[in-house]
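One structure is given below, encoded as structure tokens.
Labels for the chains are A, B, C and D, by order of writing; each one numbers its residues from 1.
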Amino acid sequence: MHAVYPLVLGALLFAIGLYGVLARRNAIAVLMAIELLLNAVTLNLVSFSAILRDRYGMGQIFTLFIITIAAAETGLGLAIVLLVYRQRATADLGEQRALAEPVEPVTADELSPRNVEAEVAR
Amino acid sequence: MNLLALIASLLPALGAAVTAAGGRDLRHVKFWSTAPVGAALLLTLLVAIDHGSGGASVHTYSIGTAGAFHVEIGTRVTGLSAIIAVLVAGVAICVQVFSTTYLGGEPRYPSYAALISLFTAAMLTVVYSADLVVLLVGWEIMGACSYFLIGHYWEKPEARPASIKAFLMTKAGDVPFLFGIIALGVQAHSFQINAVLAATGQDRLHHPAWIAFLLLCGVLGKSAQFPLHSWLPDAMAGPTPISALIHAATMVAAGIYVVALLYPVFALCQAVLIVMAIIAAITMTGAALCAFAQTDIKKILAYSTVSQLAYMLGGLAVGGRSQAIYLLLVHGAFKALLFLAAGVVIHRVGSNELSAMGGLRYRMPVAYTTMTIGLLALAGIPPFSGFFGKEAVLGAAYNATGEFAAPGRIVLIFGLITAGLTAAYSLRLWLGVFHGPFPDAPHEHEATVEAPQPELIPLILLAVPAALLGIVVLFGSGFSNYLGGWYGEAGAAGADLWPGGLTTLLSLLFVLGFGGLVFLAWRRDEGADPARALLGPVRPALVNGFYFDRLIDAAVVRPTRAAARLVGFLDANVIDAYVRGSGTGARGLGTVLRRLQTGSVQFYLTCLFLGVVIMAAVYAYVGTVS
Amino acid sequence: MSHGYLSPTGLEIAFVLIGLVTLGSGLLVVTVKNLVHAALWLLVCMGSIAVEYLLLTAELLAWIQVLIYAGAIIVLFLFGLMLTRAPIGPTEELNVRHRWPALIVGLGAAGTLVTVIVQAYQHTWFDPRGAVPLGSGEALGTQLFKYWVLPFEVLSVLLLAALVGAIVLSRRGRDTEEAEA
Amino acid sequence: MSSLTWWLEVGLRIVVVFLGFMVIPLVVGQMEHKAMAHMQGRLGPMEAGGFHGWAQLVADGVKFAQKEAVVPAAADRRVFQAAPAVALIPYLLALIVIPIGPGTQVGVDLDLGLFFALAVMGIAVLGPLMAGWSSANKYSLLGALRSAAQLMAYELPMLLSAVSVAMAAGTLSLPGILGAWHWYWIPWQLVGGFVFFTAGLAELQRPPFDMPVADSEIIFGAYTEYTGLRFALFLLAEYAGIVVLCLLTTVLFLGGWHGPVADQQLGWLWTAIKTFALAFVVIWLRVSYPRLRADQLQKFAWTVLIPLALFQLALTGVVKVL
């Protein structure tokens, strides 16, 4: 088999997952897109395991590990999303702006020399 | 001998340390302020007697190499240094003893006494030092001590600026002085005084005139010569004993001493000598005139000191090294006496003003007697010591030949005039303080109000040399021989200190003439100030020291202030504009960047991955191309 | 054995067809407006990837993929969706307002990766059946417990941590209980 | 073996499995009707067709086929329609790898057969979930949630107990397991068998683990909105689940085609006997046990079955090493 087929499949799947992670607002949808990302990686691992005639099963075993970790990640991620949903009644990532920097305009007197001196004196 | 000299310089320092360490504890201050200085006096006397006319005795301790120079610290005892050291220690012990009662009750007496001791130690260091660097250290410690001592009464409004002025003006001279010393050391390849003098003798100095000028600046500052003289009258804001110490023996004497010490350097160039002579002439005449006009008796004495120092400088300018040192010596004696006596008077009267005094001769017999002796010496009345000192300088000026001839004329003419002026202001002071009516006389017929003994004893002790130091001239060239030659070597052909006939006659004529004028003016109205009548319209100018301070204010202070304002303006409006601009810019940028901080994780992630993709693409592209 | 783009083997045809299914369902996962449909398309995607594994002779992995993803993770997703009250019918606010940055990133990543891969592997062929046989449970298990025991055990610790974490996260805190009581 | 004959044989086997899949669940359904009727003294199922009510199942089929296939207006139509298939097909796939007799009497002798069977059975969970969500009915959704929680809880003990057998045999291939089987495995894997069977019942939402479809609480859970053939398909899936579960239990824990006599020749018979015996037990349990509450269900899974499964696993390991 031509090596490009599985590898390109993995790459495209990765790009799709990337798009999903960035474009989805619902936290669970983002988690799904992350699953796509992980699967793209595992697909590549399996492909390389075959292409490079991997004697120690590294690719496949890493895939095994990644699937396991993905399961744990999904469980934890969903637990977090449910917690967020329980507290804020929404799983919309766009609404989770608690860490946003509040923007207030810089006032003119804040920059005057007198004020600077006062700040220094303080 | 050198070891004794070293101990003599260190003892007052030890006393100062112990006194200062005691803090405000007054119990042992009197002992620790007087005993080490007294011991130092004994040691300096021993050194002076032991030295004889033995030339220069140098003993140094090597303490390693600093840069290109091998640093050796030690003492150098010559006739000059031995005799000046005796003067320093003698005046210092008198001042310390005097101070025990004069200032003994004050809470800040310990620090005062410690500073006096330190001052003495610094001056002894200058005198005994074997190399110029250590000399400079002592020189600067004196500057610092004078700053603190003049500002001793820092609660008085005139004392603070006076101390700052003294510090700044002497410092203005010290900077060129430092360069001069460095130039000397570099050209002689050593800072050892002996080596420097040897280099001078072998004509190894380049541009000696410049070096001499640089050194002269320091001397002018320390010895209060025109144009750096005005700090000395202002320094009267300090306690009176300090004035005695500064004026008689330490600070101002240091300048003259350094010129005498490095005399070969100065004598190498006639231009320097002429400048010295001109400065001396201006200073001596102007200061004498100012002294005549002053009403504050301490200021009279201060201007008198400036005038007399100019005499010494003039003596040095005409080649009369021995004569100048002799005058320094006798001046030290009688000026210390005068200041201490004036201190006694001021303390009793409670005012510095001449107008507040009068008719004190019966009430303060000891002060009267001793001050009379001092004033006679100052005025140059034979046979008191001042007469011989003055005549020695005038004689040297009269007899000057060769490159000294031209300075000699200048010094002679102005010296004679100044002699008369000196007699005039001395007489005015004497009459004003001790004769005539007491201004407002509630105590006119009271018994004596003498000062306590510790104040009187130094007066009497100082009166002896003030009256009798003229005896030195009986030894002919013995004093000069003791001082040694220019290079500090022994057995050089010494100058004769015996007064010359013509100059004596002329100076006595001047003295009698000016003195008579003053006396006649005083006789007309015993309560009035003779200066007022004699000087007329120029008096205010003289009282204010020829408005010299205003000149300095206009020439130096205002331009400096203007420059400072300009710099301040530039700092506040140009440099700070950049600083504030950067602050504003950072804030503005921060505001913009804060808008990026939306809290949306996906927005961050998008930016992150965008960057990653771009980097990966660029990397892949570069990897493909290469 | 000569290979070329234009003379695909049966295996390659099967792989590409299944791959198209994978990509299509993957695209649907990130684009459909119905969350539950997205989860179900994810199921299709995972299943087709499992088939791809089979084609690449990774048999055990394929069944694990089915077991874990289809049997557990998708169920978890659906469970989560139902708990967060995923509505029936399209959800309007499912995508971010401006999708073009994400699109640019996705297309950029796809372009870069595909370019690099094609350039690097355009002359590489391999035979999945001819490779070292690792797909069976016995072979993979042997490798796992021969060479990868330590990572395996570490992974068990990680799973334990995840378990504890999930429990802690899901527990209702004391304050919540009080607030509800 | 040439390629053509290989394909032919595979096709034949799949057809046979499919036929079995179509028929055996119906048999089990008929059996349930009769057994329940007898046990509970029900008269209705005894009427249809005359003799012993033999045509009851046919009547049921006719009834289901006649009914209108309603899709609720608010429902997600496609998911609603796909759900029965998702519930049914995994059991068909699982059936492929289960051997009914010695040698080649198996659909496909898969190297990872056990794994495959369990994996595809996991997918069947999705059926009720999809059905429940897409029905746009809150009872359905509740039922779906209950079934999802229940299925995930019982998946673990089921897998663990199955792994115990795989460990004992040293293979994941179902024929391989049977090949390694000895009679003493019955007492040895008894605990595992209990766990597997019980967990399987819970997976199938059979009584007493039928909380997700508790008609007294949430009508019929995820299947409330289903009518006609789609509902029949769900029922079929349930019976197919029973068949697969009983077959797997038979194969894993009861020796499959092994029997006291003539197991090489009559292996399929022994398998059938054991399977139907187990299916009878399933029916019997339905009739005799009350329903467990949700918390009891979860507690039973996590505090009884999983420890038991782990114990079985440890026991297997110890014996294996000894």
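Just so it is clear, a residue touches a chain if its C-beta (ideal position, glycine included) is under 8 Å from a C-beta of that chain, and two chains touch if they have at least 3 such contacts.
Just so it is clear, the model here is predicted, and its values are computed rather than measured.
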Which of A-B and B-C has more C-beta pairs touching across its chains: A-B
Chain nearest the overall Cα centroid: A
Centroid-based (C-alpha) most distant chain relative to chain B: D
CA centroid of chain B to CA centroid of chain D, Å: 117
Cα-centroid distance, chain A relative to chain D, in whole angstrom: 39
Length of the line joining the C-alpha centres of chain A and chain B, rounded to whole Å: 81
Whole-Å gap between the CA centroids of chain B and chain C: 95
Touching two or more other chains - residues of chain B: 602, 606, 609
Residues within chain A bordering two or more other chains: 18, 22, 24-25, 94
Per-residue multi-chain contacts in chain C, two or more chains: 60, 64, 72, 76, 79, 81, 83, 86, 96, 101-102, 105, 109
Chain A - residues contacting chain C, complex: 1-9, 11-20, 22-26, 28-29, 31-33, 35-36, 39, 42-43, 46-47, 49-51, 53-57, 60-61, 63-65, 67-76, 78-83, 85, 91-92, 94
Contacting residues of chain C [partner chain A, same complex]: 3, 5, 8-9, 11-12, 15-16, 19, 22-23, 26-27, 29-30, 35, 38-39, 42, 45-46, 49, 52-53, 56-58, 60-61, 64-65, 68-69, 72-73, 76-77, 79-81, 83-84, 86, 91, 93-97, 99, 101-103, 105-107, 109-110, 113-114, 117-118, 121-122, 124-128, 131-132, 134-135, 139-140, 143-144, 147-148, 151-152, 155, 158-159, 162-163, 165-166, 169-170
Interface residues, chain A side, partner chain B - complex: 18, 21-22, 24-25, 30, 93-94, 96-101, 103, 105-106, 110-111, 113, 116
Residues of chain B defined as touching chain C within the complex: 602, 606, 609-610, 613-614, 616-617, 620, 624
Residue ranges of chain B in contact with chain A within the complex: 572, 576, 580, 583-584, 587-588, 591, 594-595, 597-602, 605-606, 609
